[in-house]
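In what follows, chain A forms one complex with chain B and a second complex with chain C.
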Partner chain A sequence: MSEQETAKPTAKTERSAAAKWSRRGFIGAGVLAGGALLIGVGVRPGNPVGKLKAKVAGGAGEELVNSWVKVGADNVVTAIIPHCEMGQGAHSVLAQMLADELDADWSKVEVMQAPADGSYIVSDAARMFVAPFTMNAADWIEPTWDGLFTQIGRLADVMITGGSSSIRTTGQYQMRIAGAAARKMLIGAAADEWGVPTSEITTRNSTLIHSGSGKSAPYSDFAAAAANQPMDSSPALKDPKDYRLMGKSKRRTDIPAKVMGKADFGIDANIPGVELSDLSYAAVRRAPVPGTKVTSMDAEAAKDMPGVQQILNMGSFIAVVADGYWNAQQALNTITAEYSASESPIKTTADQFAAFRDAIDAAGDDGGEQAASKGDAASAFADAATKLEAEYSAPFLAHAPMEPVNCTAWVRDTDDGAKCDIWTSTQVPLMARSAAAGALGMDDEDVTVHHPFLGGAFGRRLENDYVTMAVRVAKATGYPIKMIWSREEDTQKALYRPADVSRFKGGLDAGGRLVAYNNIFTQRHDPAEASVPGIYDIANTSVRVAEAPLHLPFSAWRSVDHSQQGFFIESFIDEAANAAGADPLEYRLSMLGANTARHKGVLEKVAEISNWSTPRGEGIGLGVAIIESFGTVGAEVIEVDMTSGRPKMLNVWAAMDAGYVMNPDGFRNQIEGGIVFGLTAAMYGEIELEDGAVKQSNFHDYQMLRMDETPAIEVAIINSGTVPIGGAGEPSTSPAAPALANAIFAASGKRLREMPFAKQFA
Partner chain B sequence: MIEFTINGQATSLDADPNMPILWIVREKLGMTGTKFGCGIAACGACTVHLDGEPVRSCSTPLSAAEGRAITTIEGVAGEDGALSAVQQAWISEQVPQCGYCQSGQIMSATALLRDNPEPSDEDIDAAMSGNICRCGTYKRIRQAIKVAAGLETAQSEDEAQESAA
Partner chain C sequence: MRKFIAAITAVSALSLAGCSGSEVQEPVEQIVVAEPGKAASATSGETGPEQIAEPEQPAE
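This part shows the complex of A and B:
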């Protein structure tokens, strides 16, 4: 904090933190639940975790995030969901999975966001949360609940909502087990009371039934007694034929509030006990070039502007605190500043792409890191009957969630020492807590994170840069502030999907089969397999990564490396098909390697629903792409009309195999949205550099696909039964760009090797 | 003092007449259903009605509301809390994902259907293309508008369960 200097606050509005923000006003803010909890049933930490871990493929770590179920006196079952709701529907679908195993009455199931804070177990707020239920529960319950919170806290690095993982890991390995274990305990309690074997008790709609004696009772009657039952940490789970809720398109629980304007997002945060008129707002401006600082500022004009309370030079950014966001931003707009020089030699987009190409050139024929290797790709290329060389590129991209980055923070001294509370939209609440604690020099336990709905994220809210900024401002003011980034700040000062260049040298044998595949690029982040054409049987493959400087900071962006690699690989395969004189979809089928039944399935399905083999009119073309990502195999066909000379997208067909889809309508919504996200990037997405800073600033120059350009979309779901099941949020994004580029080629003969496309038809 | 009605309530406010209605509604009146998206009338997240006409509240000063009626998403449902046909269709078609833009989408769609009860696809494009949905729910928004207009049948929860080959 040594870099921080505080500009002289305006006397008229400076206020005393201590006087205005009483502790009394805050107590209770962290309490998530009241009412009559009779029992909580959870998966005991430490006990089942070891067994569960072995069941989770990939060792993602997320299997250790526990989940809970509560049964209330009113027989309402509450599923406590450890994932954030950012539009992907995880709250509802995870509750569906838990409730199905529990045989709960879906009309009486409620969803609660899990408190993402290990400090609940030691704070007053935690005691208040647990208290109503400990009064009625057996002794083991409280340690279990405490243990669960502890476990969550300890796993700060894995409580993530990302990687299209909520349903396929947390749902499959935690929510279902929690539901099934709870059901077994309820049955055990009823069996004891009724004096009948557990095997004779059935369950239906939150009711225990013993048909032999005609007895039945709601779960709530046995909720307390169930607490004394032994808990099975690996109960038998339902066979798919017995699913009542899983696999059904149950309506999402969060949607009614979202159509009434009543859903709270991070930006809507209210601080309990703080009057609306007493909240302060911060507008911020970071130094424009990554890594640079504010060396001086002229804030004379801003000081006298309406509502301004404080003007802060925080080193890497300027903050204006005012009585409202508008006043804060208006004042900030008048401030001029000098910034330190950037050490990056990259000033322009051309510089960045030159750096990529220089790195690839420098790697030569065998330099760089070998990411995949099979056979002898160099010799195979030399000997090939037909040679293909192509270079593709993709630009930087911003995430641009509709809810601009924001964070509300309050840092204050209490009788228990310094405390901080933050309210923010985040995919990683516990990392947000650690980031805040780190910035403030506090212990994690002294920071509480409140995280409501996210107004979109797409990877942006895996980062905590904004959390750090907000708590630093709040520490400087001493009173709560709601920091809101302007859209310009959000577009220009964020973290980005990296740009890249990818070069291919491919060789076809006399029969047109791709037998040599040499590829080199510079950006490899995650997932590692994204750059490997593993679904195809190519005899000789060499994939290399050259090291190149990246001017803008990296951030995961919906589908991460697949977002570029999908375009590179599936465009190149299309070029190979064309060089072979083959139908692009048939060619892909002919090139599929081992263990590709699902790939064959989605290609055949998408061919069927798109009427692939039916010729279109002059100037209209179909393009296809297939990508396996996040456990799901997806093929997309796009129909584009080039008769006007510019691409007009008519239709998109997608066939997706996620193994088993838990909520078909919700899955479809994700696939549809992922396609629009991919097409937006394909047509318009481009962040450029000028003088080392981002050139684009808002939706007028960082364009989004809108209603009038969005094609019709049809999604076919294939439940192949493959386990583990795949994700929904990301797999449809990456095939969209190559399918469109391939369709444009089919329609016009113009091969697009650079993203984005729209400007190439100006 | 600037006088206006908001969702039928007569209101007078001593506030900066240049301040956009968005911030008045959110920060002075505490109605947070109307969202900040871009600040330059380019995304539609902040759409409210001013005397029934959809306006971008981030770029409409409070002074423009003098003597007029503002309607926000909180005022779309009936006084008895009954959801409007548009809101009901948004549920039956399961439109929202993150939901952040949907208040603005619903305000634009509500104005469209009041003026044009049976809109064509082109009419829907013209009325709705000022509203960005980053989650990409346009297909469902279009369908929900047709359902609200009575041009298509609402998807029931059971009907949505089909599919999966």
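This part shows the complex of A and C:
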């Protein structure tokens, strides 16, 4: 992949960013009295550092400078990261951001997963999840917002990895400040010891230097004393010209352990004191239709199966506990069961889509809940020179993370009362703790969550259905169990990206400009703006939501509502361009509204790197889509060959503007992964219903994009210096489907309005 | 304000989603066939978080 990066942030831009951080730092200090801490900690005995040291810095010679930085006797600096690592590289890049501000020696920087502890809730991350529109609030209301969201974060256990948020919230507003504050504390301690002004001490590669006296010392010499220094919650942050680590493609810290097979994922959990050969495993089977229960089971055959220890009807699921996963699953397979009847009228995929269409029909041209409105879309449509009507649909999707759903749980009585430990792959460790406590009737403090690496998640591990199941089985057995779901169980009994139907009426004026846009659909979850074509200047817009029943439970799926809305909106814009007889990319440029310099930039960049204006051969077409999501503006062009009658994807070009990219290689990795994820859904992703249950069961009928089908991908990074910066994990997923559909239209004249695409060419 | 309340509700729902079915529920039926291997001996919280990444080699 080529590396194309444009202008670095200007000093002016970065100064404005620093000013914002300083303001927020001040506010953080300002709300101390209310018990809310922006960077988490004071350093006096009895403050959180004291409590946290035993949890995170209990090793010999380790000193906790503040909540996020510890220094070992060997001068190894450890960045304590509150987000989980699920392959997205968050651990590495957040450590980079902290280490850069700390002037740490990168070759001696390690990463530690922060424990599931309320001290590691980041106020700004909580705020972004709860009310992202407050992130740029007026100064006068900042103290109120910060204090409020710190409390909300703690009450709601908002220790979340998701929403493409790690760098733009925790990185920007926590790790950099924590690193700069720790550096200042180390300098303060050295200045006291050496009897020199702090202004005369410099730092480099985890070393304190006083040039005047010739003294120097590693950070480790002053780490303990630094912890007793006052902590500045608004330290000066580096100007981009001084970055040594930020903006650089540093290697991922988690990769060596993964390559060497040393990395622990949730499914690798070992319980201290329990030999692996002695651990019990649970296989589980839920009732097949959402909302139904197990009314009876016949387990006679299972009792005589090898290794079986217990068989449980837990009401909503059956569990078999055995001496190994294979024996547990094999025994479970012999159990027959009866289930309660479903009250849902939806039994099939056709029923679900009929319910969507009924709701949309009932809403008519002006019914439903108004999501966005401007001008008079109905009148403009009536008066339009050219009228367009189109209906699009998207299916349910499963997350299908590579690591099977699993949770190891141990519930027991101790001298201090009942306790529970769980080991699991989760994006929400504190919510997992609360879920386990709730299911057991325990206090949160009596539950300890261990959360190692995640083998993928894509939103699946924002849910805690599997945690409550595991702790209930562990409580019933009285001994630790490792529960592992089969692939079939997770494909058929999980939570899903919702299906939907979206209907459009659009009108063009005599010049081909889209002047009427009337859209209605049924599923609106998050982000709220996903359904609004806000980047375009359309004089008359009406976006509405009709309420419709949804048979399968909802779960956020990589890019959430953008995953459907991106396909709907960018396909319809493409149809408008075609109706206008315009070039699709030029048409988008001409339709851009106010404050769209970044959008213009990515469209022009993707046109350049894809050689958009160069004609392709017969049967080969280019399609484009542009979507702003999670703070990042992304445009993608896909080249597809339709000469065989089936789509063969040749190339994908993506131009992404996230403001400033902290690790270009990691960013590119996420963009490429997001594109492949989006193309997989576009081509194959479909969860169907039969008799109220999910039809698909495993990767043979829930297909992933194969290597030989995957196009070459080129990513251009645009560092526009925008503040706040954008995310990386999700923004490239949603443009992939519409860009592909538009490319297929360009190559073949066939307009695809339903996902997935592959079966339409069978 | 409506948007704010909706956001609060959404996060509350997200938080509570993990607790769905979280009322304490005993098994409807429990069949004990055999006892597992030897009992465990560690206590809660003893394990703590672990160092999960190797330090990067100074190759850059």
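What we mean here is this: the second predicted complex is superposed on the first by the 655 of 762 C-alpha atoms of A that agree within 3 Å, B and C clash if a C-alpha of one lies under 4 Å from a C-alpha of the other, contacts with A are read in each partner's own complex, and residues count from 1 in each chain.
Going forward, a residue touches a chain if its C-beta (ideal position, glycine included) is under 8 Å from a C-beta of that chain, and two chains touch if they have at least 3 such contacts.
Since the model is a prediction, treat every value here as computed from it, not as a measurement.
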Which of chain B and chain C A:W612 touches, first, second, both or neither: neither
Partner chain in contact with A:G674 - chain B first, chain C second, else both or neither: first
Partner chain in contact with A:D264 - chain B first, chain C second, else both or neither: both
Partner chain(s) touched by A:L312 [first = chain B, second = chain C, both, neither]: second
Which superposed partner A:F453 touches (first chain B, second chain C, both, neither): both
Partner chain(s) touched by A:A432 [first = chain B, second = chain C, both, neither]: second
A:P256 touches, of chain B and chain C: first, second, both or neither? both
Contacts of A:P272 with chain B and chain C, given as first, second, both or neither: second
First (chain B), second (chain C), both or neither touched by A:F630: neither
Intersection of chain A interface sets (partners chain B, chain C): 248, 250-251, 254, 256-257, 260, 262-264, 277, 279, 453
Touching residues (chain side chain B, partner chain A) in the complex: 16, 19-20, 23, 27-28, 30-40, 42-43, 45, 72-74, 76-77, 83, 87, 90-91, 94-103, 106, 124-126, 128-142, 155, 157, 160-165
Complex interface listing, chain C residues touching chain A: 3-4, 6-8, 10-12, 14-15, 17-60
Chain A residues within the chain B interface of the complex: 86-89, 247-252, 254-265, 267-268, 270, 276-277, 279, 281, 306, 324-327, 329, 400-404, 453-458, 484, 486-488, 605, 661, 664-666, 668-670, 672-677, 680, 698-700, 704-708, 710, 712-713, 716-719
Partner chain C, residues of chain A touching it in the complex: 55-56, 58, 76, 78, 85, 91, 106-115, 129-131, 133, 152, 156-158, 248, 250-251, 253-254, 256-257, 260, 262-264, 271-275, 277-280, 294, 297, 299, 303, 308-316, 321, 323, 410, 414, 419-421, 428, 431-432, 434-435, 438-441, 446, 448, 450, 452-453, 462-465, 467-468, 472, 476-477, 479-480, 526, 528
